[in-house]
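Please read the structure below before turning to the comments.
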């Protein structure tokens, strides 16, 4: 990692900043798969940050599958995200976007489970309409994020618990942000990738339609987790 | 159910209102365990509400374990909550309070799982301090809700994801409200009940301390679900 | 449902037999989507079986998404499985096969989660080899079930807990049976369907490789649940 | 760890043997809380076993909460199990017993969830009878394991899926073994501890009785996980 220009900026959460800078090294190829990262102590010195900040950044890079820690040996680069990632989102924004998915997996998984038990015929109809809208929108990613959000909102509404809708509304900007990023990455991928994104939404709808709450929970959690993973996967992964 | 005075009030969500009125009948003993509720059609007429409103109320009463639907036969009263419940919270507030738990189970379960993986030694220390505080506070329920909230907030902070803290802050009033109700009901119960509430918190702390994220998730979900159940259980249930 | 020839056979579990006979009516088109099924009482008379047997069969048909119960109205046909289903498996075997998936979802989900935490490099290599084998085998469904089983066995082995392997071995015949059925249905479907089956296995492998136990659990549960659903889905569903 | 007599025996799985020997050191107090364990390399030499065997043993000790690994620093003793543990079960059996719980958590959790959805009135009655039996039996631990197994078997039967019963039967010896151990440890503890074990079973019964499948799943998973934890907890933990 000699010769890296790791310039500590002064804004936002320090852990996210450091996360962003290491991410940039990985995306640019300055650090490649299998490379060993500097030790905690070295990272503290290089970036003039405290140990807890380094630990936080490393933990999050690990949670996102970008690096892997091997007991008693050190931390290694594990996966190189697509080139366009940094162009599409600021490097330090990526940390925040991936954190948003962590919240959505349990939250929307539960909303989908409740929707399978409680949706009225009208609510189910609205989820179906949102799904059709999303099918059309996926051809032009600009409008797809709004259609995507509308689908997830319709599911939350069908949960029979307004608090799920309120939370999703609170997160509106962050969620649509992450959807735009995810859909842009999808759009740069194969047509197959778009079909899978649609298929994932279709499974959620079906499970809610037949009232299978476990399947609805599972399909929603799987979908959001896949969306999170796609952000850091090479497009060749499909 | 002849002779019941079911007066539809004009405020808040209609489903919660109807929920509250049926709940009052059950708590007061006007409807007792095993009694059959009027049919959907009859409830619509009695309360001058639409069918979806009746369905919503019935679904939530069922989710809370107060009534049970028997296929092709009708809906029956299943459990009589403690007498003091309506005195402690308005009857129609109870619906909202129980809804809050539905959200907290997946949300805080995930926060606890992440905390087990990511908490710094300082964050763990803060969870321990909050636990000790709660132990003392349980002797005077007035201050216990604040101590209880502080414990849950410390866990969310240790998740390494600020969004969990933000959501909990957003829910502050609703959550502390439900804690006050739950702790008051606990305080009216046996000393054994208080010990169990403490034990549940202790398990969450322990799982986070040893870094077992599945156990932490499980202990938190179990605790919140038990708190929700205690609200509608007779104290003799312990 | 007049004119149906529902001949109660005398073998195996009565509930599975009745399940099989109603399934045959749905597959053959004698009962079509939206049709109302006879009442519990009528079914008892038609098939000369007791009420618990009818209830068991209805519950399982519902769990498999084939029929849906509407509160206070009755039970309706919800989905027509592919024509070939009965040809590929005996009608009353289908119930048993779908029951096997219910067990595998939690069991193998946990095995995958443990594998993500504990697999040695050699065990991971064996999972990869099994995945490559499956990729080749999917072109000739005859051998695909064996390759599919080998993949699932390799994951169980990597769990570091021999009991997961023992149980899978105990279930060998039943599991390979269900895989053969599922893969035959897949083979009659589009090439897209085969790609998805492979993709699902790929996700499990990846999550184990990067050590993400929650993602591994989720990917395995999703895969097995999808396999179960594909058995009763029309091929046009993809 | 100087002066420890670590005698590699020749039987069963090597990982479980090594696990048992380190466990003995911890139980006897030769290794106390906070002590650092020898490195992987040293353990290989001390016990004349290969690296994968050491890794397996360390991973399982960690999963059981007995030791904790600190990134880049080493592995430390975290918890001292009750003195009587080794007397009650052979040291190397403990590893196998704890592995059995790993399987039971997802398996019986799912069985309880299905039981909440499907149990007939007769099946529910049988679960209640088993619970009453267990209440009586807890006063004489000798017969309690059989009563405990009968309760878990009755839940599996109520799942409407015979495979859950078959698996539990297959595990009969191992499960009753672990129950005997857990109940003996409970019996050596306070009366409070016995009340909690009963309370946990009571929660499972109640959730099944009111048909709440999520609560049943949660209560069963929590109970089995607690049983597993109690085996290695000091009795003062309650």
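Chains here go by letter, A, B, C and D, matching the order in which they are written, and residues are numbered from 1 within each.
By definition in this document, a contact is a pair of C-beta atoms (placed from the backbone, for glycine too) under 8 Å apart; a residue touches a chain by one contact, two chains touch by 3 or more.
Chains and their UniProt names: A, B, C, D = FadR family transcriptional regulator.
Everything numeric here is computed off the predicted structure, so don't read it as measured data.
Enquirer: Just grab the chain with the largest centre-to-centre distance to chain C, centres being mean Cα coordinates.
Expert: Between chain C and the rest, the longest centre separation is with B.
Enquirer: Name the chain pair with more contacting C-beta pairs, choosing from B-D and B-C.
Expert: Between the chain pairs B-D and B-C, B-D carries more contacts.
Enquirer: Roughly how far is chain A from chain B, going centre to centre by Cα mean, in whole Å?
Expert: 31
Enquirer: Distance between chain B and chain C based on Cα centroids, please, to the nearest Å.
Expert: So the centroids are 36 Å from each other.
Enquirer: How many Å are there between the centre of chain B and the centre of chain D, using C-alpha atoms for each centre?
Expert: Centre separation, chain B to chain D: 30 Å.
Enquirer: Where in chain C do residues touch two or more of the other chains?
Expert: In chain C, residues 63, 214 touch at least two other chains, as defined above.
Enquirer: Sort out for me which residues of chain A touch chain C in the complex.
Expert: 63, 65, 68, 78-79, 192, 195-196, 199, 203, 210-212, 214-215, 218-219, 221-222, 225-226, 229, 238
Enquirer: Where on chain A does chain D make contact in their complex?
Expert: Touching chain D from chain A are residues 39-40, 69, 71-72, 74, 113, 214.
Enquirer: For chain D, which residues are in contact with chain C within the complex?
Expert: So the residues of chain D touching chain C come out as 13, 52, 55-56, 59-60, 63, 99-100, 102-103, 105-107, 109-110, 114, 117-118, 120, 122, 160-164, 166-167, 170-171, 174.
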